[in-house]
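Some structures to go through are shown next.
You will see chain A twice below: alongside chain B first, and alongside chain C after that.
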Partner chain A sequence: MSELITETRLRQLAGEWLDGGKRVVGPVRIKDRVLYQPLQSPESLLIESNPGGVRPANSIKEFFFPKQETLYQYRIRGRNIELIEPAQEFTEQLVVGARPCDAAALPILDHVFNWDFVDDFYNRRRAVTTIVTVACSATDEACFCTSVGLAPDDTRGSDAILLALGSGRYEVRCITDKGRALFPGKTETSTESAKAAPPPEAKFDPGKVRAFVDAHFEDPIWAEHGRTCMACGVCAFSCPTCHCFDIVDAGPTAGNARVRTWDTCQFPIFTQHASGHNPRALQPARQRQRILHKFSIYPEKFGEILCTGCGNCVRNCPVGLGVLNMLTEIQHGQHL
Partner chain B sequence: MANIYKPELMEVIAVRQQTVDVKSVSLRFLDPERAAAFSFQVGQFGIFSVFGYGESTFNICSSSNWKDRIEFCFRKVGRVTEGMWKVEVGDVVGFRGPYGNGYPWDVWKGHDLIFLGGGIAMPPIRCAVWYALENRADFGEITVVYGARTVGDLVYVDELAEWAKHERVRVVTCVDPGGETPDWKGDIGFVPTVFERAQVSSKDPVVLVIGPPIMIKNTMPVLQKMAIRPASVYTSLENRMKCGVGKCGRCNVGSHYVCKEGPVLTMEHLQQLPMDY
Partner chain C sequence: MNDVSQFEPKILAYVCNWCTYLGADLAGTTRLEYPPNIRIVRLPCTGRIDFNLLIKAFEVGADAVLVSGCHPGDCHYTSGNYHARRRWILFRELLDLLGFDLERIHFTWISAAEGKKFQQVVTDITEKTRKLGPYTELYAAAPVKDLPQPQPNPLQLQTFATENELRAEARKLLAEGAIKVVIGYGERGPVLVTRPEDADQLVWNNRCTANLAMYLKRKEVKALGRPAIVVKACDERSLVVLEKESQFERKDLHVIGMACEGMERPRCANCAVRTPRFADTTIGQFPQQTPTPRPNKLDALMEMSRGERMAFWVQEFDRCVKCYACRQVCSLCYCERCIVDKNQPISIDPAPGTKGNFAWHIARAFHLAGRCIGCGACTQACPVGIDLGLLNMQLARAAKKHFAYQAGVDPSAELLIGAFSQQDKEEFIG
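Coming up: the complex of A and B.
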């Protein structure tokens, strides 16, 4: 037996959350793109059908780790400084229609945001969020979740997962208590059972990749990709797991605040010392850092690959790079 | 909410201009309870901030025995340090820390100490020298070789002279060729060369070498000739940081996070890491 929910009921659920003053996030069509956005109305939610591609072009990380967030404000009165905690509300939020490769990023990111020093900004948002994932009903050539140990119906990080049955109906599988709390009165029992898309074929072996990158800190592959890369950072910004940030002062015109903003290892200034010396002076070293961080450093530190195989870096790259291309090259041994 | 990014407020109690573009600053916690409870290990760093400009990472260059204050030293090179340059006694600045590991004094105990520093790398050596002098009985001979580009770039000059007055302490100062003045009494040459010329004889010393990468690189062969093992040679890395707490993702050398697992490490350890510093 399975539980079944209709698209109408799902929109009703989203509407109830919105009416309750909570935030609902889901895939929304904006011109010719589909992006995760806070919903203005339940009608704008694109639960599954996604003619723009197999998944939104951004990730859900910004609802836990915003692009910009005030860490605190300061008030300067002559020589007196007063620090003011941000007026954060941490509104309860529901993410509907996340892909498994988005939800799976959160348990991975939990490690770094709690590595000895506990990041309450991130944790509080995690605590107030319920995530309803939709299993993928299609994959494309950029998808590689299988290669990093995930699958189109993976439930890691999800509170509930929906699997399409067609005709606007979904099988609901609740994973956590938060997920179970969502659906009472909205589902019906059914004998139908849904299936996700077949997993994309495995394109590389992360163990082999790690062995390669650990042994090839200097290798022509970095230069080849580095020469092409234009350091725009879209790979990192659209990545569900990239989490590097900067801390800057927004001056009087921006409310005298110390602000955390997204940053990326692809920018030259990211590691530049005050002296001018830069350990990663050229783009090849910065491309290498991104791969090393995801496939060697993070696994060494926390036992997990810092990648969910979503393929956003591949689809969004303006010059045809992305993690997958480099890793398949490594897998096929052109550089061994 | 516990906010790990929010600094503590400290009052500036002294500012000293060390060179044309370097100043040192002494700070005291505004909160007397915090001041009483604060402790750190010499070699650790802090993240210091001027509100309206931003935060920067500096070694806490005072000795941990100085309970009334902490000190840091900076060169004016960018936006934040431009702001710090304007700071005066009585102003309030921010501090987060202490972060990172410190010098392993328990391992260093009983050894001769050799300190080799270049340019603005003096502050993280200065705190160690003072700490060693304050615990003089724990250590053997102390040698300090400190060099800067020009005579005008040497910092803590008066303290160098003071250290030299202590027993079993030898201080050698030098400037790069061309950086000397007509009345310069110190050595002329780069730190590794001057150190080699100084013929320091020591059995099983601990060496702390901090300076630009080229200085460290050229010092290693000299130490090797003296049969000093890389495991006894320490440095302090100064990679760019933002958070100081292992999250912002930029200070790593391979898998070694300078903010959490450094900044102090042995050359033996450093040689195992990729060239990412």
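Coming up: the complex of A and C.
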């Protein structure tokens, strides 16, 4: 026996949350692409599991770790500096239509946001958020969740998962109490059961990748591969797991605030010293850093790969690079 | 404060040290009264004004901005005001597209002898601004109308017949030894081919949309030695601008021009020039065509009201994550250190909020004024689908309208920004 919910009921659920002054996030069509956005109305939600492509071009991390966040404000009066707590509201939020590769990123990120410093902002958003995932009903050539140990119907990080049955009906599988609290009165019992897309074929072996990158810091493959990278932040900013940030003191025109913003190792100034020296002088070294962090440094520190195989870096890269291409190149170049 | 009858406008004036500031001084010493609503910022020369300062003035609460300097011919640095004038002409058009209220931005020439004029100008602007009321429209969000979206072209891969000829040419160049790297298109994206035996990595198909001139600025590419570059007729215009701006010597670059049947993007269907004109080797041939005029997004946007335009950009920029892909893929954004990366002091708010995003996109677009060749790489690279090209298109249109200038078309033409003419139009300058 399974529980079944219709698209109408799901929209109704989103509508109830919105009416209650809460935030609902889900895939929305913006011109020629689909992006996770806070919903203005339940109608704009694209529930079907693969609207306009395999998955949205951004990730849900920005609803836990926003692209800009005021840490505190300050007021300077003569010699006195007064710190003001930001008027942050941690509104309850519901993420509907996340992909398994988005939801799985959160337990991975929990490690780093609770490591030597417990990040209150991130944790509070995690606590007030319920995540309803939609299992993928299609995958594309950029998908590689299988290669990092996930699957199109993986439930990691989700509170509930929906599996498409067709004609606007979904099988609901609740994973946590938060998930179970969502659906009472909205589902019906059914004998049907749904199936997700077949998992994409495994494209590389992360263990072998780690062994390779650990032993080949100076290998020419980095230069060969990384030199066409244009040093933008598309891969990192659309990545569900990249989490580097910068902290800037925005001056009086920006409200005298200490602000945290996203940052990425792909920017040349990320490692630029005050002296002008840059230890990662050229782009290949920065590309290498991104791979190393995901497949060697993070696993060493936290025991998990910092990648969910969503393929956003591949699809969004303006010059056709991305983690998958780098790793398959290593594999095909018989470096493994 | 919100009571309009009590409203005292705040006016920020950026004035030059040599003329207008002394004009203001003269007004004071001759005891000419003028409204106390003005706050003066003295700068060496109007030619020195960073235009983001105008925007910043509004952000910190100014209701109007005045920029004033020496009369044409009087500049103490001979031509600073002429340069400023040319930039204002273009900048106004950009602000208009973004939905700023041009009634609140004033330009005048006031000499050191014109204390009386200073008094008059400040009085007039104060009264006018008082009537306009506080500038509450700034960055105001509102429901936004959709712009017409072009039909996406189908993703059918089509290899062009000249692909083999391109590979042969690249192989030959690399084998001869004078060319160390061929910047071309590969199966997945741009490739840098350094060995003759790798020439078959090059492809020529309807997915070769990138403007490869972006690689000429990269240190990683420069380190490889003398390059050859594959260009389409549209992208070739980047090379014209870059050479004019002394970014490379023409003799140091080998250009492989590819006649182009059109790529899988809607804009290509309307392309007029399909065969490169200045290449060292041109592969294929297509006749010139006359493009058919068609409705475009820029017209649709300009037909909206000012408030709607601003709301449109507030909504668009709201999605910006400051990944800087727009800058990085631009062949003409080649500064070693971009203005947004300067942090002592911070001149553009680095946070991706409304203010910081407006400041960044204005700076990016305006630094390309009279330079952008309209390849569309910025729009294509944007991961969140912001129509960045519209900003550049508006400036290109302004360059054409006011100066009959098109970037990258005529290699003998003087650069638009960096030059000036005493005849530049100035009907908006008081």
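As a convention for this text, the second predicted complex is superposed on the first by the 329 of 336 C-alpha atoms of A that agree within 3 Å, B and C clash if a C-alpha of one lies under 4 Å from a C-alpha of the other, contacts with A are read in each partner's own complex, and residues count from 1 in each chain.
Definition applied: a residue touches a chain if its C-beta (ideal position, glycine included) is under 8 Å from a C-beta of that chain, and two chains touch if they have at least 3 such contacts.
Predicted model only: the values in this text are computed from it and were never measured.
> One more residue to check, A:Arg79. First (chain B), second (chain C), both or neither?
first
> For A:Leu94, is the partner it touches chain B (first), chain C (second), both, or none of the two (neither)?
In the superposition, A:Leu94 touches no partner, neither chain B nor chain C.
> Is A:Val209 touching the first partner chain B, the second partner chain C, both, or neither of them?
A:Val209: touches no partner chain.
> By the touch definition at the top of the document, which applies to A:Gly251: first (chain B), second (chain C), both, or neither?
both
> Which of the two partners, first being chain B and second being chain C, lies in contact with A:Trp115: first, second, both, or neither?
First partner only, chain B.
> So, does A:Leu71 touch the first partner chain B, the second partner chain C, both, or neither?
A:Leu71 sits against chain B, while chain C stays out of touch.
> Which chain A residues are contacted by chain C in one complex and by chain B in the other?
Chain A residues touching both partners: 246, 248, 251-252.
> Please name which positions on chain C make contact with chain A in the complex.
Touch list, chain C to chain A: 56, 59-60, 149, 152, 186, 188-192, 210, 214-215, 218-221, 223-224, 319, 321-325, 327-329, 341, 343, 345-346, 349-353, 355-356, 377, 380-381, 383-385.
> Sort out for me which residues of chain B touch chain A in the complex.
So the residues of chain B in touch with chain A come to 1-7, 9, 49, 51-56, 75, 77-78, 81, 90-92, 94, 120, 212-213, 238-240, 242-243, 245-255, 260, 274-277.
> Once bound in the complex, which stretches of chain A touch chain C?
By the definition above, chain A touches chain C via 30-33, 35, 37, 57-58, 62, 67-68, 223, 226-228, 230-234, 236-238, 246, 248, 250-254, 259, 261-262, 264, 267, 269, 281-284, 316-321, 325.
> Using the touch rule from the top, collect the residues of chain A that touch chain B in their complex.
By the definition above, chain A touches chain B via 71-72, 74, 76, 79-81, 83, 85, 88, 112-113, 115-121, 124, 217, 243-249, 251-252, 256, 258, 260, 263, 265, 270-275, 277, 279-280, 285, 289, 292-293, 296-297, 300-301.
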